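Chain nomenclature is as follows: A, B, C, D and E, assigned in order of appearance, with residue numbering initiated at 1 for each chain independently.
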Amino acid sequence: MPLSVLIWLPAASALVAALWPARLAPRVTFAGSLVTLGMAVGYVFSFDRSAQGLQWLTDQRWIAELGIHYKLGLDGLNLFLVLVTALLFASALLAANLRQWERPRLFYAMFALAETGVLGAFLAQDLALFVAFFDLMLIPFYFLIGAWGRGDRVRATTKLVIYTLVGSLFMLAGAIATGVIAAQGSQPLSFAFSDLAQVQLATGTQYWIFLCFALAFLVKMPLFPLHGWMPDGYRAMPLPVLAVFSAVLSKVAAYGFLRVVLPLFPDASAHFQDLILLIALASIVYGSVMAFTQTDIRLILGFSSVAQLGFIVLGIFSLRPEGAQGALLQMVNHALVVVPLFFIAGVLAARAGGSEDIRDMGGLALRAPVLAAMFLIVALANLAMPGSANFVGEFYILLGVFQAKLWIAVIAFSGVVLASVYMLRAFVRTMHNRPGPKAQSREMSFADGLVIVPLVVCVLGLAIYPRLPLARSEKSVAASVRTAQLIANPPSGQRAP
Amino acid sequence: MAPVLFFVASLGAIAGAIGVVALRNPFYSVLALVGHLLSLAALFLLLRAEFVAAAQVVVYAGAVMVLYVFVVAYIGSDERPLAGPGPALLTAAPAFAAALFVELCIAMLGSGLKAIDGEGAPYVAGFGSPGQIGELFLTRFLLPFEVASYLLLIAAVGAVILARRRRGLEGEDDGRLAAADLFSMPAGAGSQAESAGLLHDRHEREEREQREGW
Amino acid sequence: MSPTTWAWLVLAFPLAGMLVISLGWRVLPGKLPGWIGTAAIGASFVSAVGALLALEGRHGEHAKTVVSTAYDYAGTVGVDAKLTILVDPLSVFMILVVTGVSALIHLYSVVYLWEDRGYARFFSYLNFFVFSMLLLVLAGNFFFLIVGWAFVGAASYLLISFWYRRATATRAGIKAFVMNVIGDVGLVLGTYFIFKHVGTLDFVGTFEKAPEVFATNDGDLVAGCILLLVGAFAKSAQIPLHTWLPDAMEGPTPVSALIHAATMVTAGVYLIARMHPLFERAPAAADVGAVLGCVTLFVAATIALTQTDLKRVIAYSTMSQIGYMIMGVSAGAYAAGLFHLMTHAFFKALLFMAAGSIIAAMAGVQSLDRMGGFRKAMPFTFGCFVIGGLALSGVPPFSGFFSKDEILLVVGDRGGWHWILYAVGYVAAFMTAVYTFRMIFRAFYGDPVPEARELEEGHLHHAEKPVNPMTGEEEDTDVGFPGPGHFIAEREWPMKTAMGILAAGAALLGLLQVPKVTHVVDHFLEPTFAGSKLATHVASDTLLTVGLVLGAVLGVAGIALAHLLWVRRPELPGRIRARAGALYALSVNKWYFDEIYDAAFVRPAQAVGRFFSTRFERWVVDGALIGGPTSVVRAGSALVRGLQAGFLRLYAGMLVLGVVGVALYFLIVSQ
Amino acid sequence: MTGLAAAQAPHIDWAGLSPIVALVGGGVVVLMAGLFRATAMRRAVVPGLTLVTLATALGMTVWQWGEHKSIVSGALAVDDLSMFLNALFFIGAMAAVVLALRDSSPEESGHGEWHALLLSAVIGMAVLAGAQNLVSVFLGLELLSIPLYVMCATNLRSAPSLESGLKYLIVGSVGSATLLYGLALVYGATGATDFTAIAHALSAKAGLVDDPLTLAGIGLIAAGLCFKVSAAPFHQWTPDVYQGAPTPVTAFMAVATKAAAFGAFLRLFDVALIEAVTNWAPLLAALATISIVVGNVGALTQTSLKRLMAWSSVAQAGYMLAGVVVADQAGAKALVFYLAVYLVMNVAAFAVIVARERETPFGDDIRSVAGLGASRPALAWPLTLAMLSLAGIPATAGFIGKFTLIGAAVDGGYAWLGIVIVIGSMISLAYYLRVIAAMWLSDSRVAVPAIAGASPELDGDPPAPTSRRAPEAVAVAVLFGAATLFFGIVPSPLFDLARDAGRALGLL
Amino acid sequence: MAIGWYLAVSALIFCIGAAGVLTRRNPLVVLLCLELMLNAANLALVAFARMHGNGDGQIFALIVMVVAACEVTIGLGLIVAIHRRRLPVDVDEMTELKG
């Protein structure tokens, strides 16, 4: 099946949901996401791990005048990210199905459109197409947060969208410049990655374009100190939206580094390696420290994500295949872990009189051993407990960094320790100790379990066999970092792995 | 001879211009402009633009200024202070103009073009004559000529739209006409017919009938 | 069956036990979860014996080192992270100790925890722990060593926080977990240093390659080994990473016996022994280990002298004993260290079980100040405690005597500054005897406390209102707090059986390794340490004799001193306390480690956190980065709109000004 | 001396001139039709005739597509650029006619006159877009301006309308005078009024390109044209006039005037003055920067939608100037493409404003669109698309437009200008999103339990129930909104046309 | 006389006109000042026509006269309309549209 079907299926379900009677909208979009998930699983199973390059390539000239191709393809870099996206959207839509939403047609249509946007960004094999999807996926979230959020939602969503689009627009400029400048030689104008990779831009040009892209991606993740939109945004979002937003959108940005930045701007990547590593390191430390000072459980998870994404960026900018492999695996892991965490946070809040403050919780494990077990598993996974796939990810990330920049790896390990502090603090202060004033322990409902348990099973499954994605991404990741690696570590004097 | 004429004429033009700007009464300003235009016509003659000069006198000083005078008379000349309490920035306005003047002078006098320092191209008989102008208008500048004529038409139409009387807009000067109620049109919606006076008589009559008859 | 098959079975049983219990927690009736757990570990022990026999049946060079890979777990880009187990004498020795002691402790717990509302949960955790510990010792590469390492840490956390509604327990759990994570980090970093040069995570491959790529005291190797030591110290509660272990006594007593005495905390010893080919090429790192082990054994012994919490005294004793082992294996006394590990597992588990029995009789109270006179009420417990105490004090011919002295013998034999370690070791041995019998005399001698009297009359004391013994907070007996019932060894046969077997071991295991007579452990472990220069060295007979005599004398002298202080002249300790106030304060306050860490790490971290969340977030992240540009744009907006004041003349003026500017630009360009 | 007899009447290519001829004829007919007595006649027939005229002219334009000639003694160019721009004028004018169907301004001023003025303005634009001669430029500019001055004031009862007319007239005349003086200086420096002759003179005579006379002329011309495209700092009339003028007129003015002035910009600067490109390009780039900043910053806190659109148009003018600055085919192509896109999205937005002006008592205040998403999705979607497109969000035509503009800027060595465009877009998000938020986010309450807290009913009274619906405005909004989306996804047809138009100037 | 003199006069008149537009509040006078500016341009055009010896400038000047007349007509119409609406005939008091 062509990948276009995968991308546009959710959009089609959105269209149907928007036009059909309102009560069918939840079902239709959920069914759409399930089919999408099924297709994604199919792609994973029929993926040829021995083959180089893109599979299921779709390549059509979209806007010939601008050299923009409608080019989609799967390879090791995006295979599992696509799968996780499909999975998490399905589960978030399921979670959304369990509640009543005002104006359901618009809500579900936007939700499904968001899936199309994200899948498009992951599958795009053309720089302009990537940029387009990257910006576009934010628009549904604008509506989802602004219309169905809580508190000061309009302000929060405006801040979020503008802040993240600020980065994206710089990226747009950078992307256009990449294509245009690459075409100034003999080559015809084209934005396809494969064509752009043929041309090596001048280093000075690479530098500023790199900064544009980096800004976009760092804001989107977000990394310190560009996370200003995150606290307000996270507080305002409805939970299913927050879950996918936190899990998936940030990964698009990290993926962008691997797909776009490292192969196209290797000189700049090597040149700015230290800078980005320092930002990532600062994010790890800052996110971790913030996570253990917050009391809003959403913000604990939000700042934890900042730290985790710091690790991911750290791995990518080790400019070594180990680090990049770890980062890619960690993207999948973090996405898989953070969604059940948010849903559990929702379940907890429902037991603490609606408060999402951990000071109002406590002792919630008393009558809810299954809930506690689920929380415990994902919490341990999130703190990269060895034996979880998250650990494998972090192991490779830090191994890569270790080999590239020893001291950065050493400092980054403080993030590992702090992660255990803030995750256990969150777990203990919600599930353990004496109950808070409004807290009432109650086992999670079957419906909640339907959302959470499959995700936990996935987390466990990946923990048992993390090579599943690793083996499939090996070739693509190595190809993605190769040039930058050579520039950052000239072969002389350096030991090849 | 020519320099003397030039100085006289240009002094007249400048004085006229200053008069326009500086005189409080708009009526005097209009008169100053007439003087300015006539001086300018003299300069045009010095530059061997006979037809332009003639047009200047006839069209401008003759026709346009008359229009001005009528409007000034209509509106009245309750002159206000020259520069009112506007934004502070505006006190610097003359300075802007002065700066512009300096720049323009530098541009024109500092130009490397030799011809500016000369008295112009050698005179060719017929230069600036109505014949030459007419020929140009009918050949190379045919389109501008036609478009200009259309522009005049449109300007007339526009002026009519703006200046004609309609109900509700009037002051005390003419209430009767304002009562015109054209068919089922919304009150006071003007039309060309209305402005052309085609309907006035009938309406006046009808209205009078209404007022007097019942 | 090959040794590896047995070894896989060793791993499989506890895992299966855990899964069965945790998935069936709602349906398994009565004590079934406990029995399932015990049976799983028992089966695991049987398999371990099977592995032992299978291994013994193999002969030839390298025949004693067997590797088996289940599947490629996470290998990629040249990193061989496979699920591999390594079966050699060392790992078989460890699985035997672990499964054996664990089986007995499971048996003990079947009754001990019976009335606790978290019964099934307890056994699933316990089985999970055993599985993790076995994974740790069987791991054939660094990767799964780390996994097992962290798993035991997690299990330890879960069991410390088993009574999770006790804030003291959860706090202790977090502390233990975080300390252990620090250890994990050390282990991972150490692994990186080694992997960087050898290019493999596999133990066998690493040890083969190490001599080629590392010179002696190679910088990276020393760094790597010291970092491994960080891992070992965190897990084995050695200074400076020891503060979690006393707090870990918040967990149920069988947990203390199993995890925080017999097995997990000795993982550090195992690690150093396992890594001995590396440590021998990095003697600098090994010396660090030996010195810190020595410091720990001394400091912990001094602290144990003054503590009043029964379990904490034993915990500090554990620290001290592990200090001996660490010092031993770091100094090359591999077999001796591991032998001590085994004997310690027996007698320390025994001591904890006996302590558990007393605590049950006291209805949860752990303070020595409240105890006394239990000798008559609990004869069996008393007997077991004394046997354990004698073994711990190093009185011949109990097991501890032989194992401890063998360690000190090897250390002393190294000569040079190792003499200091040797001397400190004997000083601490004396103190060991003192604090051990302090416990015995204070708990079992003297006038019987009301609880003891009640027991003599046949009633087991029950608290009217359950309270947290540390804080005195009132509790209920639901999930998350200890259950209502208490069980003592005298009345329950499973407890009695377990303690009996352990007592026998504590008394007799020393005979496996009587100097000059038997060398069972030495010989069994010999293939593992065959390549070591240090292990093959034989100490002089003089030293041996001096050591044995000195050890026996000091043990007995310590007991005598304890008897004098706490039985014959009970007023003396008070006087000594008054005289040596500073020393007493140092000891009773545990050398102020907690306070120092609080001031050096916890408070600064909290202060930084507060600074970030209140100041930095507002001033920089929201202020400079968002507010800055926003206010610039707003100011621009105000300016632009201010100029848009509606005055036509102003507009014309701006236009003219613009023209002036444009013209000016062109005039400048034209020059 | 050439005698009159020797004068040859110039050849007139009626085919090439046909769109203008059609418009002139139509204008006169419409003017006459305005004399009909019957109201229905005036209300239906006059706009109908106007539409027919415009459609005819559009047909003629399409007929002349692909021609490349200079007609009426070289006064007017008939090439793909002028035809493309003509098409934009005609479409914009048709939209304005439809939007004005029930507007009060034609009623006030008379349908015949109003529509005749509109057609005259279109003629002026057509002349301007094709002008190849300084005289034609000036005349075309005046022919488009003078009717617009009047049309701004056609809401004769409304003081703001009159005020906007007078402001536009006076400031506009100052602008015209500036332009005229610049034209005079360029004529003085080169001795020619024909573009090709000017270009020839500039390249032939050494030093002329750097002569202060020439450059001062260029500067004044740039200022005059910038005034017409409402680039800062010559923009100040724009918000006031946009707000005061009747909304259909504003819509027309916003899209068509800008297109015409940019057409003149292209021909003057990229053909006649191309030799001096190194001198004027940095200045225009600077003006573009100022416009982008000032426009976007000015729009931020507006509550009047028309004012907001006005400020936005200032910023958009800045973006488009980039296409002139680079002075190559790619720039011309990008500019022309963006002009078309700009027409589409602006008409969609103004159509919604017109519709809401009639449906609610809030006029063009932002409150008039509050809650539109729930109450009138048919209006909310076009406005949303228009706003997203103006902001340059993907899948809208504005994205492609901005993409090409930035591409052209980077390609022409003005990468920094591309960055400025991008920064401007960021600022612009703040106000475009505010409009979208007003439509979609203002009156929804999320049906979650007490956790979320009932979000209070947002301010802004519900729109007064009114029968003054404007189906034709809705239709325009939907049509142009759909076009915004369509050209965002399938821009190729428009690109083909823009490419031909870009080629017409004969640039590199 | 050198052409430059004419040009200087033209520039002066242009700037006087501009200054008038910026200072006068009566729109009638402002219109007159606009006339001044256009006339100044005309003078320049005619002077340049003389300098180059071609008729284009004069043609241009004539066209400008037409345009000026049109502007005046419209301007006066507007002023009359404003007066009719009984709004003040003062550019400084027309500040309803702003911001």
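Some observations on this one:
The rule is simple: contacts are C-beta pairs under 8 Å (C-beta built on N, C-alpha and C of every residue); 3 or more make two chains touch, one makes a residue touch a chain.
Bear in mind that the values here come from a model prediction, so they are computed numbers and not experimental data.
For the pair chain A and chain B, chains touching both partners: C, D. Chain closest to the overall centre, judged by the mean of its C-alpha atoms against the mean of all protein C-alpha atoms: A. Of all the chains, the one whose CA centre sits at the greatest distance from that of chain D is C. Comparing the CA-atom centres of all chains against that of chain A, the greatest distance is found for B. When the interfaces C-E and A-D are ranked by how many C-beta pairs touch across them, A-D comes first.
Between the CA-based centres of chain B and chain E the separation comes to 8 Å, rounded to the whole angstrom. Chain D and chain E, compared by their mean Cα positions, are separated by 26 Å. In terms of their C-alpha centroids, the spacing between chain B and chain D amounts to 28 Å.
Taking each chain's centre as the average of its CA atoms, chain C and chain D sit 77 Å apart. Shown for chain C are the residues in touch with two or more other chains, namely 641, 644-650, 652-654, 656-657, 659, 663, 666-667. Within chain A, not a single residue touches two or more of the remaining chains.
Multi-chain contact residues of chain B, defined as those touching 2 or more other chains: 86, 90, 93, 96-97, 100, 103-104, 106-108, 116, 124, 132, 141, 144, 148, 151, 154-155, 158, 160-162, 169.
Taken pairwise by the contact criterion, the protein chains fit none of the simple patterns, being neither a path, a ring, a star nor fully connected.
Inter-chain contacts occur between A-C, A-D, B-C, B-D, B-E, C-D, C-E, D-E. By the touch criterion given at the top, residues 86-87, 89-90, 92-93, 96-97, 99-100, 103-104, 106-107 of chain B touch chain C in their complex. Considering their complex, residues 166-167, 170-171, 174-175, 178, 210-212, 215-216, 218-220, 222-223, 226-227, 233-234, 236-237, 239-240, 279-280, 283, 286-287, 293-294, 297-298, 300-301, 427, 430 of chain D touch chain C. Contact residues on chain C toward chain A in their complex (touch as defined above): 22, 25, 71-79, 81, 121, 143, 146-147, 149-151, 154, 157, 161, 164-165, 167, 170, 173-174, 177-178, 181-182, 184-185, 188-189, 192, 195-196, 199, 478-480, 605-606, 608-610, 612-613, 617, 620-622, 625-626.
Of all the residues in chain D, the ones that touch chain A in their complex are 373-374, 388, 392-395, 399-400, 402-404, 406-407, 410-411, 415, 418-419, 421-423, 425-426, 429-430, 433-434, 436-437, 440-442, 444-453, 455, 491-492, 495-496, 499. Only residues 641, 644-649, 652-653, 656 of chain C touch chain E when the two sit together in their complex.
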